[in-house]
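All chains are identified by letter, namely A, B, C, D and E, in their written order; residue positions are counted from 1 within each chain.
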Amino acid sequence: MPTREWTGEEVAAAAERLVPGSVARTTAGACYLKAEKLVEAIEALRSSPDTDFVHLTNLCGVDYWDHFEVVYHLQSFVRNQICCLKIEVWDREKAVAPSVVPVFHGAWMQECEAYDLLGIRFEGHPNLHRIFLWEGYPGWPLRKDFLSMPGGLQPGLNEFAGTARRPEPATRLVQ
Amino acid sequence: MEGFGVNFAFWTLSAVTLGAAGGVVVSRNLLHAVLFLILAFIGVAGFFVLLSAEFIAMAQVIIYVGAISVLVLFAVLLTPRAGRDNGETAMALPALLLAIAVATVFIFVVNDTNWTTVAKSPELATAELGTALLSTWVLPFELASVLLTAALVGAIMLVRSREEEAEDALA
Amino acid sequence: MTDAIKTEPFVLNIGPQHPSTHGVFRIKVTVDGEKVLDAEMVMGYLHRSMEKLAEERTYTQNIPFTDRTDYLSSMANNLGYCLAVEKLAGIGVPARGDAIRVIMAELQRLASHCMAVGAFTNDTGAWQTPVMWAFREREKILDIFEMTCGARLTCNYMRIGGVAFDLPAAFEPAVRKLLRELVPFIDEMEGLLVGNEIFLARTRGVGVLTPEQATNASLSGPLLRGSGIAWDLRKADPYCGYEQYDFDIPIGYQGDSFDRFIVRIEEMRQSIKIIKQALDGLPGGPHSTQVPLALRPPQGEAYARVEGSRGELGYYLVSDDGPSPYRFHIRAPSFINLSALKEMTVGGTVADAIVVLGSIDVVVGEIDR
Amino acid sequence: MALPTLVTEHWYDLRDLSNLSREILEGADKILPHGIVYVLAALIGFVASFLIFVLPSQLIVGVYGERKLIGRMQSRYGPNRVGPFGLLQPIADAIKLMQKEALTPKGADRAVMYLAPIIFVAPAVLLFAVIPFGPKMILADINPALLYFLAVSSLPVLAAFMAGWSANNKYSLFGAMRIVAMSISYEVPLVLALLGVVLFTGTTSLQEMVLWQKHFDIWIVFLQPLALAIYFIAVSAELNRTPTDIAEAESEIVAGYLTEYSGMKWGLFYGMDIGYALAASAFAATVFLGGWSMFGLDKWVPPWMIIIGKTHLFYFVFIWTRGTLPRLRIDQLMAFAWKFMLPVALLNLVLVATERMLWVEQELDDSYLYIFAVVNIWAALGAIWAWSRFLGYRPERNPVRARLVNEAGGYVPVPEAAKGGK
Amino acid sequence: MTLELEHFLTVGALLFSLGLFVALSKRNAIGVLMGVELMLNAVNLTLLSFSRFSVSERPVAGQTFVVFVITVAAAEAAVALALAVSVYRNRQTVDIDRINLLKS
């Protein structure tokens, strides 16, 4: 019996029932929550027996040029179901999302990863730091504009004996 | 005691032992001082061999070098780096004077007294020592064992931490 | 009297160059004597930014990348990625392709668990003997991979819509011979270690995780099952036709390092069982569906996961209708399993920390990606 | 009378190489000025014992044999490239080590770090002075030879400590702490085990011990199997052999006190580790396995070959344990020393003292020794069985096979029966 | 040159004085302990010298005394080091100048 993937509407209904006013919008596969209600809603979805989403399977951020999305996949062992929650983070310069570490300890490192590579700052994370790259690394590599960021990072070795700086690479723009 | 070998051994051992003891005095690093102390112990063990007390010499090496100095090293390691200084207190000068005075008196007394000695004393077997310990000296022997047990218990009690005591109280 | 008045706590760096970190990985442990007071993980020494690189390459070109994340189970990585792309693009796989994928994934699980069990016993201090024994068996499996796809470690065998080539004629007898040899080997390895009192003393009660802790820390794979949670994606969310095969989920008792070890041993037996069934019922027909080289899946997103050797291996792909993924995220089991490392090590000794790290069975290529 | 012409105490009598050296020395005494011959005797004895015993054993058994045997245990070939069967591998290793740079880390205590290997090497050489290789082949036939052995073998611990402390490396310091703590713990059962032997034979001279065993035609291992077991475990702890090699535990603290050593300085430690293990094996062969005596066989076979064989046999057990067993944790090792080894050593001591008392006081004849042997073997088996039964880990109480469930789901509670204890 | 009793006694006396100086002057409690150990060793040396040169037929008393001294020294070292560690834990110093709780 395969895992039942909840549609966005189902999740939205459950979330709205448990924490009224937490749902922003829904799509076919995912439910967009309001950022300020996220922790509350996730906590409710975890502890309510008919949703029982006890396991935070996956957490990642996606850069959509004008905004970020943070994607949460939650699953239940007993009920064998999985759902997808999302929040949108609009401020590109100071991208801030609430941290779910108080609810799911497993989010600790995944939020660090998202912060390190996408620059989304998770408020309430006990120890948010750059986990793969070193502190002070210029820019956030997984952002789509990484190579045209201020500071002029370029692919390849920037400093190599005898090589001049390469010309600006063409970056693919997705709009 | 005559002969080149004995003389050579005596003077070498004297130099090593007293030099090592001097090293204990002057070395600033506590760990170096302990290592010098071990050298002094080994020198003293050599003296014991020279005085035809092999058993005591071996016991000296086993106990002093193998156990006591290892204990000292352990204690040094348990105290942090800041506690590994081997400097003198303000009492160094009076202590030096006192030590010189004591040495002078001792050497004077040693050389002034007319000791009655024999050139060659009988060799003592280890078995004889053991027999003596368990017959003539049996009471002090037992007392020593009681002392050792008491010291063992005392040492364990002293270094127990609060948590260990709490654990034992629970158990 | 505060806690500070004890022997001086000091920081010991286990790694990045250390025999037991299985790669370049560092744990900064604060120790008081031998007791671990705090453990902090430092990683990134092998970071290659694969997720960024993958955004610049086509869907098919990304398959070799997945080999190089978890280099000890490249087949499972290939499989997970191909499943995600197939889910995204709505591509079906012929029955023979599915069966070949199952056989390969299970063989890879055997190879990976051989490595895990060997390295774990090496961490408990058995000086290389179990690891060499396990390597001997793993070599045989890698020989079969070489026979099938030409590569031993980074196989790059799965393709979107199936597998790269059909099986060679000598494949089936070779696998059957291998399975016959593996069964006594697993029994021997188990008998060698579970009856060993020193091994038991070193692993029992070390790094205990309650089921609640394991769930909350998002663990998966043998760690989750070692804590007694019956969760295996091959059963819970069957892919590639796993629902046709008869096998069981091994679970542990109290969630310590030893339980993870016996779960791995038992999983090897179950894998053998699955491979036998898949070989017996190997269907004919094409091994792959035809997929355009410049695949352009429709706009959308997909999250597909497989039960890798180390846990739930998930791929989250976002497509913008272009020839390469817009976002390529790997849910790396080794990385997320490390979340619980601190809980498991603090309070134990340094030696326990090594055993715990061995029982998690990390692959640094997958942690850092 | 296999070779009657060869066993005539002439210089070519291979049974005892001291015949040869005696001939040489007597000849030399006639030409050389008086007294030099004593120096020459010491030199010849030292060089001979080193050349015949220590060096070949170290190279062939210690380096080549260990690697080859462990290689076979690990189902691989072991060294097989240099020379026939890879026999020249130790020499190639030595050449490589000598060419390597011996690094000294910044912030290290240089003097101590240089001294440590030297202090480590000296006792290993000194230890062989008291081992009897034959009726007359013994360098220093001193009376408290057993105590000498114990005293000298406590020195390398200091050298290891110096090495670990001086390198200014945390792993080294860990190794130093561990070796110091462990050597203190394991010295106690070691001495107690040997005390039983001394008690029974009534001597601390190794040569006399061998003669005692030769006289009564029984090896002490049969009389005191517990003592040998304790000696083996304690000595392998002191020597840092697996399963008690926590001071240089490779998987935990890299190489312990040797972490910062390289080149020939490391080579000295490595070689002398083998030297100590060989010395401990030779000592065990002498004290427990009858030394150069072999139930009358020593009349025909050269005694020095017998003891070398026994030593290598004992050393093989070291290799064997190294190839098979995992390592214990330090607290488990300490608990083992104090909670098991010490009581068992005391038990052994009491048993032996009682038997000795009976034997001497009642003036029993020699055949009672065999009764004692049977009693002691049973006592040893009983002690070990009782310990593993009541204090041990009892693996049969713990489930060693994973549970199997067929359906995925949440947590499956552990049945009470399978919970088990520690 | 013949070695007499005086030679050994002189070495003993010098060793004792050095030990005395170490014991009195060192600031570190473990240093003080080392001085005491040196003094005990000097005493042992003296005792054994007397035993060796004694006119007695069976001069076993000297060696027996040394055995007792070594025993007591071992016990003393254990307790003293335990004290040093314990003092360090409570006062964070082994400097005997600063272990002055009884001083107002």
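The working rule: a residue touches a chain if its C-beta (ideal position, glycine included) is under 8 Å from a C-beta of that chain, and two chains touch if they have at least 3 such contacts.
All figures in this text were calculated on a predicted structure; none of them were measured in a lab.
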item	value
Most distant chain from chain E, judged by the mean position of its C-alpha atoms	A
Chain whose mean Cα position lies farthest from chain B	A
Of B-D and A-D, pair with higher C-beta contact tally	B-D
Rounded Å distance between chain B and chain E, as computed from the means of their C-alpha atoms	6
For chain D paired with chain E, centre-to-centre distance based on mean C-alpha positions, whole Å	34
Between chain A and chain B, centroid-to-centroid distance (C-alpha), Å	69
Chain centre separation in whole Å, for chain C relative to chain A (CA means)	24
Where chain B touches two or more other chains at once, by residue number	55, 59, 67, 71, 74, 78, 161
Sequence positions of chain D contacting 2 or more other chains	177, 408-411
Residues within chain C bordering two or more other chains	1, 6, 229-231, 236
Residues on chain E engaged by chain B in the complex (per definition of touch)	1-11, 13-22, 24-28, 30-31, 33-35, 37-38, 41, 44-45, 48-49, 51-61, 63-64, 66-68, 70-79, 81-86, 88-89, 93-97
Touching residues on chain A, where the partner in the complex is chain D	77-78, 80
Residue ranges of chain B touching chain D (in the complex, touch as defined)	29, 31-32, 35, 38, 45, 54-55, 58-59, 61-62, 65-67, 69-71, 73-74, 77, 125-127
Parts of chain D lying in touch with chain A, wherever the complex brings them together	408-411
List of chain D residues in touch with chain B within their complex	109, 112, 142-144, 147-148, 150-152, 154-155, 157-158, 161-162, 165, 173, 176-177, 180-181, 183-184, 187, 191, 202, 204
